[in-house]
């Protein structure tokens, strides 16, 4: 196994954290000019391996061969020096600095005086950005960029110092289809430069569109590594979850009831330009839009999280006060934001306390919380949603992403709701958990709630929605029934 | 498009220039009010005095700004002012040389900086707590070693006296000269050197910095040392003005400085702010003190007004930010 | 809401500015500038009364700035006054060594300078009481009372302010004074009350739990003494078995306490009004280049519940000094200790 | 792993999991050391004395803890204590009614809290800066209101009792402290308000999405906290028997130091009242002990500073160990 194409070889690497064996003697081989997919459920050990290769973690056992020679990584700096560049899922940019500064953060071009050579810095950044066909002003503050643009800047950084291996940790999780397309072009260009690419992802369609080889991890071990032509979705999924998942999008609910939520000419000073639509009981409305179309803004505006300058909301015929979260929450609205940690969970609080946050009133008598009732109720939902937690008093911080998302869903399942808004409910969640969450969405509709799902993942959109609204530039630019909706139609409306 | 142009400038100079506009307005307003309410205010002599008076605060403010920008804070600078003056005056009285006194003073300052820095970066204790502890510790230390008896300058060195009281061309106080040099140097460092940009980086997002191979610990340590060194410089100036090392020196100084630079838009959260803002903040406080005293306003009214102005200024700033 | 608040603040600012304009405009030939140490303390309030009174008599314009216990500020304000070009500068040092800079500065600028309260190296003249002798007088008077009323044994709790030399001198003086009457008097506690009543109360409480067996409470200022007394009461000790002596007579506190007829039996009074009065007199002398002593001593006297009203009268909450009586008090030519 | 662990391990685990472990150890250690130096320290009288002197800081500390949990801070309580004292005494002098005086004092507290809260939530001024400003405004204000200390011209018994009286053997300040402490122990740990406080400090957006009116909650917390500080001011003025405009200097730092020492996080969302109680008493014991031992009083702040740093460091270590155990 020592042909000279191999640039990176991982042998019998193990890594143990208190209580968990994150990696248990895994092997992995990456060749020059190869795009290798690394897939596996959350907790399979993908990110641990990446962090080891990035020099963030130290391996307990095993060895790393880089260009045939053993490699000891002591710091992030080491692996950068050797030409291993990791594009992490949570973006590693400094919002306060400019694009150029971020691209060359590791080492600015300097003048003889030791001062930063701004001209060169910006010129070279411009060149790199051009090479990945990205038109950005290098002096723009990163905080003013969209997520996808930031992702591109990350990759630009990878190119800024001749990377030999580029590792991408779910680069597309935040991107919209055509952004993904241009990202793939970039990745293919990297491939043509002879760079080895390790592409970590949850989206199997990407594997078959982009990659040459697919490697599957499960529970810290290597399950399979096959050339893409020699395998198929079902085989990979089975390898990942150890069982075959039947239907990804169960639909048992049927027939919509009374209109519940009416939105008329909703507008904010930033994004929304007057949005009108209505949602019925027992109906799942999917809202699609490219990044910056105003999906999230719409959700926040409806819920009162962002200030609204115009329009009106009606819930079951009653006018809703705008811009008051407490008011809309009490009126029976629920919101699952896309930013799980930043806007959803209270990390210092226990699983139970996070679940009951909106509904804890119901367990209170004379303003005092009856913890028995609270715990009983929480326990019920822990079981119903199969949330993996040692106890109710366990800090939610320590749960896996999927389980955290379930806790947030439980939060709204517990409460008597009229309308629930789910913003990117399955972002960064593995196949197994995804399926369970899609099942829950269906149950919510069954229970007669009006469900609004905002998503940028086409299969999910087409899978869960009874009706699809498409947004672009802060307006609704298209509406399709479940039957008539196709990927092409939706995209056409989204670009309009 | 225009926003793009603005972005270009703000990135080039790392200056959120509009950030200061609100405060600049406040500053100008104060200036006018005082000019019209006291004929002594707008005189070269008084203005040069004010310039000198704010120097002590501003020099320390430069150091503390560096710290705040990289996401830490130091509440012990006031107590340090009392500590650092001791070796200065002692050695000066012994050797009769000002410069021989400066060396141990700076050494002590650096040492304190190292201690603060190590406690924060190595033992991972919140800097607010570490330096609050040091705030008590150092003050108590001075009380103990001096027995609360000030040590006055017996070297009779004119140089020592001139440092804090002399003026260039009978107008520009040497203190102000030193302050301007320091401010300019560190403005340059913050804007145009890798070190400066990295301070912003680790203040903005430490984990990012680490991921790209920057070592936040080492940078923060250096910032702590710089902060203590600059506070020591301010301590030397104060000692010269008091022509003694004094156990009561610098009481409440840390809060003056923090208030001034936070007023100047340097964020306590780290990663945001610049020395121009800090300077404006310090100037606002300096002008209020000087102007009101020229107008014979009683201390109780001065306190009231200062407090009101702080709230006013910050509120205006916040309003502007949200409508920007 | 925020609008109203903002407007409110602005208005407030304007009001204060305009009201203070009045001060700023006034102008007279002879201007005296005084940089106080801690104007908000009653001592300096009363001192200012004296100064203002005398300045008014002589038609001198008096300007006052307050260092508010901040030495850097004090230097700054001294500068400001020199910049304003006052004819005479009066300084009450926050901290004597801390004012040496100002002395040099004034010399350089050629402005006559008076130091109030505590001597500063290189100064021309000092207007102040003799702290040691003042405490001494208090000690003697207290000793007599203890000997007569409390069975001649004296066990002392003294609340000191070691940060300031004058206070140390007073406590030393008190101790020496009381021992002239009761030679075996013991200093049981000598604690730092920072000159503040709440701090004095706290440390005295602790001291009294350590050893409650004291019958003399002394404070280097009235607040310190009264703080100690409060601690004594709170400890449930018998107020009939204790004598309290305060120092200064800064405000009404000691008068009220004496009127109560409680254990507060001696006040080592320092007549702040008189100090202020003399400061102005001295200013005139200096301005006219007259020859002046290095230390111009102002009167001190141990007052008792029966004698205080010769020198002060209290109407409502306003006390007025009896100048004739106070100026008649015999003064030391120079202090027995500095 | 508990089942596999030996008894020794389980005990250490239990200790590490117990939040106030370090504090209790420090408290006990200090007490023992001081008692060795002077047995009087542990005497009933001195214990009462320590508690009584802590009562004011603890009462104010309850409010400060709630503020820090909600992610805010209040540096103006020191000046407030002075202002409340002066106003209370003055009103009693004028009305000859203790009740009215106390009410006036508490009202001033609530009002200050309201303003602090509005400045924070409506003007969006960072509470650190906002309350530093309020500290100046109040200190200036009290001197404008009354430049001289307000003496006791009424000699009301009830007024004296507040700070110096006893119920049985129990000093009234301790009683007040105990009652308020227990009440707020329930409020913080068992009530909706308490739960919302933690949520707001932990993640404001999440709190808002869950229907909590964050602004109103914060304003309320500021009011409660300032009113408690005012209560401390009332006790202090009764103990001093005069309204001193210069009192309460550094009180805010004393309280905050105690609360931080008690393990309350500066970034919000974490903190316990137990910790606050122990933290404040530890600092008080240091001051008291050094006098009882007859040491140089300047050591008070030195030791306080040391203990603050060391205790917080040790507690960090414990937290890390705790996290390990939990994730296991």
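Read from first to last, the chains carry the letters A, B, C and D; within each, the first residue is number 1.
One rule holds for everything that comes next: contacts are C-beta pairs under 8 Å (C-beta built on N, C-alpha and C of every residue); 3 or more make two chains touch, one makes a residue touch a chain.
Predicted, not measured: the structure shown is a model, and the values here were computed from it.
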Chains in simultaneous contact with chain A and chain D: B
Chain separated most widely from chain A, comparing mean CA positions: C
Pair with more cross-chain C-beta pairs in contact, given B-D and A-B: B-D
Cα-centroid distance, chain B relative to chain C, in whole angstrom: 34
Geometric centre distance via CA averages, chain B-chain A, whole Å: 43
Gap in Å, rounded to a whole number, between the CA centres of chain C and chain A: 71
For chain C, residues contacting two or more additional chains: 2, 5-6, 40
Residue list for chain B, restricted to those that touch at least two other chains: 148, 298-301, 304-305, 308, 311, 315, 319
Chains touching one another, given as label pairs in label order: A-B, A-D, B-C, B-D, C-D
Complex contacts: residues of chain B adjacent to chain A: 3-4, 7-8, 10-12, 14, 188, 192-194, 197, 200-201, 203-205, 207-214, 271-272
Chain B - residues contacting chain D, complex: 119, 123-126, 128-130, 132-141, 143-144, 148, 255, 259, 262-263, 268, 298-308, 310-311, 314-315, 318-319, 322
Chain B-touching residues of chain D, taken from the complex the two chains share: 119, 123-126, 128-130, 132-137, 139-144, 147, 253, 257, 260, 266, 296, 298-306, 308-309, 312-313, 316
Residue ranges of chain D in contact with chain A within the complex: 1, 186, 190-193, 195, 198-199, 202-203, 205-213, 269-270, 323-324, 326-328
Interface residues, chain C side, partner chain D - complex: 1-2, 5-6, 40-42, 45, 191-192, 196-198, 201-203, 205-207, 209-210, 223, 226-227, 230, 233-235, 251-253, 256, 260, 317
